[in-house]
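Each of the two complexes below includes subunit A, the first together with subunit B, the second together with subunit C.
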Partner chain A sequence: MKANRKRLLPLAILFLLALVVWLPLWTLLTGALTPTSEIKERLSGVLGASEGLAQWRFLPDRITFRHVVELLLDTPEFFRVFWNSCIQVFPAVAGQVLVGAPAAWAFSQLRFRGRKTLFRLYIVLMILPFQVTMASSYIVLSDLSLIDTPWAIILPSMFSAFPVFIMTKFFAGIPREMMEAARMDGANEWAIFLRIGLPLGLPGILSAALLGFVEGWNAVEQPVTFLKTASLLPLSAFLPATTVENAGVTFVCAVIALLPAVLIFLFGQQYLEQGIVASGIKE
Partner chain B sequence: MEDTNRSACAAAKPFKKRIGRAILWFFAGMIVLTFVSRAASDALKAKVSVGYVSTSSLDQSLNGTGTWTAGETLLFTTYYTRRITKVYVQPGQAIEEGAPLFAYDVSTVSGGKSVTDRKVRAAQKALDLANANLENAADPAYAQAVVESAERALLFARFTYAQTYALQNGGVVCATFSGTLLSCDLSAGKASSAGESGLEISLGAPQFLICVSAKEAERISIGDAVCLYCDGRQEDETAEVVSVSTPDTDANVEVLCRDESGKTRVIGSEQDWKIRKQSEQYGTCVPIEALRQSGADAYYVLVLTEKQTILGEQFAAEKVGVTLIAHDDSHAAVEGGLDGDAKLITTCSKEVQDGDLVVKNDGD
Partner chain C sequence: MMQNLSDKKPRVGRAHGRREALAVLAFLAPSLIGVCGMFLLPTADVVRRSFLSAMGDSFVGLENYRTVFENESFRLAVGNTVRFILVCIPLLLLFSLGSALLLYRQKRLQDLFRTTFLLPLVVPVTSVVMIIQTVFQKNGLLSALCAAFGKAPVDWLNSGHAFFVMVTCYLWKYFGYNVVLWMAGLAAIPESYYEAARMDGAGEARCFFAITLPQLRETLFVTLVLALINSFKVFREAYLVAGRYPDSSIYMLQHVLSNWFSNLDMQKISAAAVLLMAVILTAVFVTQGVLERQKEDE
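This part shows the complex of A and B:
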């Protein structure tokens, strides 16, 4: 009984903290089902329609699916934006794996001069925020005539240092004895990478891919900087256009934008956790 | 420990499968909804074409079908009762002064007094006198009537003398006037009836009569060139507006035009016409298709408003009231709260109301 009581307090504290984390998501979900008139009444203070603070209730007075229908059936532009996100994120993730896996394998398994220096350079590049590399990236992309094309998002992301870093950590965990045994059996370095490295490092590759997807799916700065045409912008960049009039649709839009990230997170939760542990970085 | 891990992995597998399936279903659903949304949008939203505000003059040309009419009509009768041997003219024909009209039979001697040119000289003198009086007449209308009467008397005198002259010189009577023969009751082989049978002549060139509404007539002024069309092709010469009547009880106006081309015109025949007119320059002209009417004199236009959202461009129709100043077949000059760069909805696939979301046609 005493032990139960002891556990109750931390549980209550954790529940309250979880509630704070869940509250924005709950606001999003209820906002998607709230009529525009009610949204106007509650949010006009923060969305510029009037002065004051937002007033939000746990549940809306009336539930409506109008915004869902309006977005999914009456706004074909939404799907263009959604597929823009897919077009920019999936090739970038595929590129990260294709480019990053051999690089990570080299860093973890091969011994060559300057390896450590090069890897440190990778780490430096990884920790540089986008704002620092923005100007140089813009100049390079502009010289390559890639500004205002999806490639301006895909290419820099393909050569990102972060997935290389994560995959290096995973590949480094593969016992060297296995590689030596393979070499003794006559396997060359390429065969070792394909037959041993990739299957054993799969959790790392998936982890890097998942983190890359989440990063790309939520990216705002890169699209806003490198894309000029509104019709090329991805889903993550729609929030600045939110007004009282379209807040309901925007909430639905946000919920749908959330779904792939949530599903993919659930799908690769195990690998993602491993990746976060390996990188020591909390996204 | 290892067993616990294995059982956890085994439990995670169906869950992962379900999530994998959910991801597939999600993207499949998004593909389907992409097409459904496009189709629904096409079905629900009106597709519109746009036009723009311009500064221009309006084409105020008028066209229609007019009728050739005779000018002043006089009946020139035969002075003698004699057999006619030949008639040289036929109704509708333009007659020049000096042209042969008909021929008397001069082989037999028959009655009728000869006329000397003294009567002609007297008529000429009377006309000169009437013209002289016209300048200082106390009653100009009466003086004008006297002149016109004297002119007619001179015409008749000259024609009578021409017939006497013809009898003495082979019998062929020539025209002493110019005009168009409207009718003729003389025929070869039959005798003329003195003072009764003869030729009905429209003096001068035939006139082109146009009937327009009082409102259209406001655009017509004396001296305007009237283009005439024959079988759809414009004639080289134009007619000229010589008079515009006052509106009749049905608010119709008769416009009389003079034709100086010298072409043969059949009195009573119809012909297409056009008067080309350009209005003054108007600052706000809209395509006529963009102008909509909500009441007797209440007009409005639907302006395409563009909303740049992250979800792309969205278009809505906004009603703007205007006052109609003038219009032609393609444009209307209006006054109202229209910007110079406003995009106006001209045609739409379905009825559009104020505030409706619309889809702009490709290429506009």
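This part shows the complex of A and C:
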């Protein structure tokens, strides 16, 4: 009996914590499927339409897909915002890999003077919050007349130090002897990188890409600062004014915003975790 | 740069050395050019501007810094940011370490819990904001819960409570990230250490303080740094929930800098950015130094 309790207590604590994650997400999901009349009844206080307190139900009395249909068919605005997110995030992540992977290869596999200092500089850049470089980045971007274009988001993100850092950690795990052998056989450095480095370092590249995606998909500061035209704003910086009438659609919007990230997460969780762990391996 | 690169370690012969040096340049150049253009030079420019007058033509010494220090909202924001960091980071580290210890022993359902805890990390800000509003608005779910216990509803977002809403939001989002970090740290401790200690009759608690904690020191440094980086990102939720001028309890440095930026207050924002940069870097290097010295003491 006592041994049993000792086993169950940790499990109970973990379940409670898991509940803290699941309940809010569940509320979003059920909110998206709740008919407007029921939302009115239960959430009008939250939406400023009355003074009544919110009520929570595990399941709505009735389930409707009306809001989903409404969002998909009658809300072109949503598609624009979603598309904005895509054209800002995917090129940025692709750029991070194209620019970052060779750099990470150099940091991890090639030996040159100043390597450690330079890498430390990347770490410092990685730590600084956006607001520190905000003003000067703005000046650079406006000199290039990129303000108010998707490039204002893509370009700085492409050169972000974080993916280089993550990939360097991964590539460092590839034994250098392998490269020396290839060099003896007369392979040039690019060939070594492309034929040995890329295949062996793929988990690192995927990890960096995943973390980069999560970061980009959640960007608020950059779009709000570097984009002026409201129609260019991505999903992450877009908040429709929620009223009782459109609350259901807003819930659907929040759920759909969640989908790409969650899907990528479920398929790539191991890489995401490896990426997180890699950020923890000390130099 | 070139000259630095060309005299590298002659381990495989000179001709090869030159070839590798050229390769280094080719591999690094795109990233270096971008990093210099986008971050390094602009940051240097910020430092320069922080000593210049509004027109950017005359040197004013520490004048801008004085203006910043005398600014009321800056002081409020520094206080709030420091308070936020001092409350959040210890809470996050303790909670996540505790859970990682529980989860590490839990062979059954471990994957399910890990996935669950990591999930908030990928939940987009927009969705988080939606949740915050449903739960924490005056008539929201938390107030409803309070009412069930006979307490009056509270406007959580527009009062001093907003601070704790943001703390909760931060913990919710980054909890799993840290659990994964701690678990990796725990996995790296050789089981033989524990076996040896148990042979000597050490109990659970003794094992924890004598083996687990010291062995987790390197993990601690990284979790600290990442927790600090991430603590600046709650601005996103704060901004989307409460806009540019939220309740004064969550008016953070990020708000001040953004607002000065929109008012094109270049001197103030430059001086504040330099200060922030200096403080963060000092904090990181001091922590690193302390942890390294402890290691040497052993």
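In this section, the second predicted complex is superposed on the first by the 250 of 283 C-alpha atoms of A that agree within 3 Å, B and C clash if a C-alpha of one lies under 4 Å from a C-alpha of the other, contacts with A are read in each partner's own complex, and residues count from 1 in each chain.
Keep in mind that, in the parts below, a contact is a pair of C-beta atoms (placed from the backbone, for glycine too) under 8 Å apart; a residue touches a chain by one contact, two chains touch by 3 or more.
This structure is a prediction, so every number in the text was calculated from the model and none was measured.
Upon superposition of the two complexes on subunit A, no clash is found between subunit B and subunit C, which fit side by side.
Contacts of A:Ala103 after superposition on the shared chain: subunit C is touched, whereas subunit B is not. Once chain A of one complex is fitted onto chain A of the other, the partner contacts of A:Leu233 are limited to subunit B, with no touch recorded for subunit C.
In the superposition on chain A, contact of A:Leu73 is made with subunit B only, not with subunit C.
In the superposed model, A:Phe267 lies in contact with subunit B only, and not with subunit C. By the document's definition of touching, neither partner reaches A:Ala92: not subunit B, not subunit C. When the shared chain is aligned, subunit B comes close enough to touch A:Phe82, but subunit C does not.
In the superposed model, A:Asn246 lies in contact with subunit B only, and not with subunit C.
Once the two structures are superposed, subunit B and subunit C can be ranked by residues of subunit A touched, with C on top.
Of the two partner chains placed around the shared chain by superposition, subunit C is the only one that A:Asn218 touches, whereas subunit B remains out of contact. Taking the C-alpha centre of subunit A as the vertex, the lines to the centres of subunit B and subunit C open to an angle of 120 degrees, rounded to the nearest 10. For the pair subunit B and subunit C, the minimum alpha-carbon spacing after aligning on chain A is 11 Å. Residues common to the contacts of subunit A with subunit B and with subunit C across the two structures: 237-239, 253, 264, 266. Looking at the complex, you find that subunit B touches subunit A at residues 12, 16, 19-20, 22-23, 26-27, 30, 33-34, 36-38, 40-41, 44, 308-314, 357. Residue ranges of subunit A in contact with subunit B, taken from their complex: 72-83, 230-231, 233, 237-241, 246, 253, 259-260, 263-264, 266-267, 270.
Against subunit A, the residues of subunit C that register as touching in their complex are 1, 4-5, 7-9, 11-12, 16, 19-21, 23-24, 26-28, 30-32, 34-35, 37-43, 45-46, 49, 99, 102-103, 105-106, 109, 112-127, 129-131, 133-135, 137-141, 143-144, 147, 153, 172, 175-177, 180-181, 184-185, 218-219, 221-223, 225-226, 228-229, 232-233, 235-236, 239-240, 253-254, 257-258, 261, 266, 269-270, 273, 276-277, 280-281, 284. By the touch criterion given at the top, residues 10-11, 13-14, 17-18, 20-22, 24-25, 27-28, 31, 43, 45-46, 51-56, 98-100, 102-103, 105-107, 110-114, 121-122, 124-140, 155-156, 158-159, 161, 164, 180, 183, 188-190, 193, 214, 217-218, 220-221, 224-225, 235-239, 242, 250-251, 253-255, 257-258, 261-262, 264-266, 269, 272-273, 276-277, 279-280, 282 of subunit A touch subunit C in their complex.
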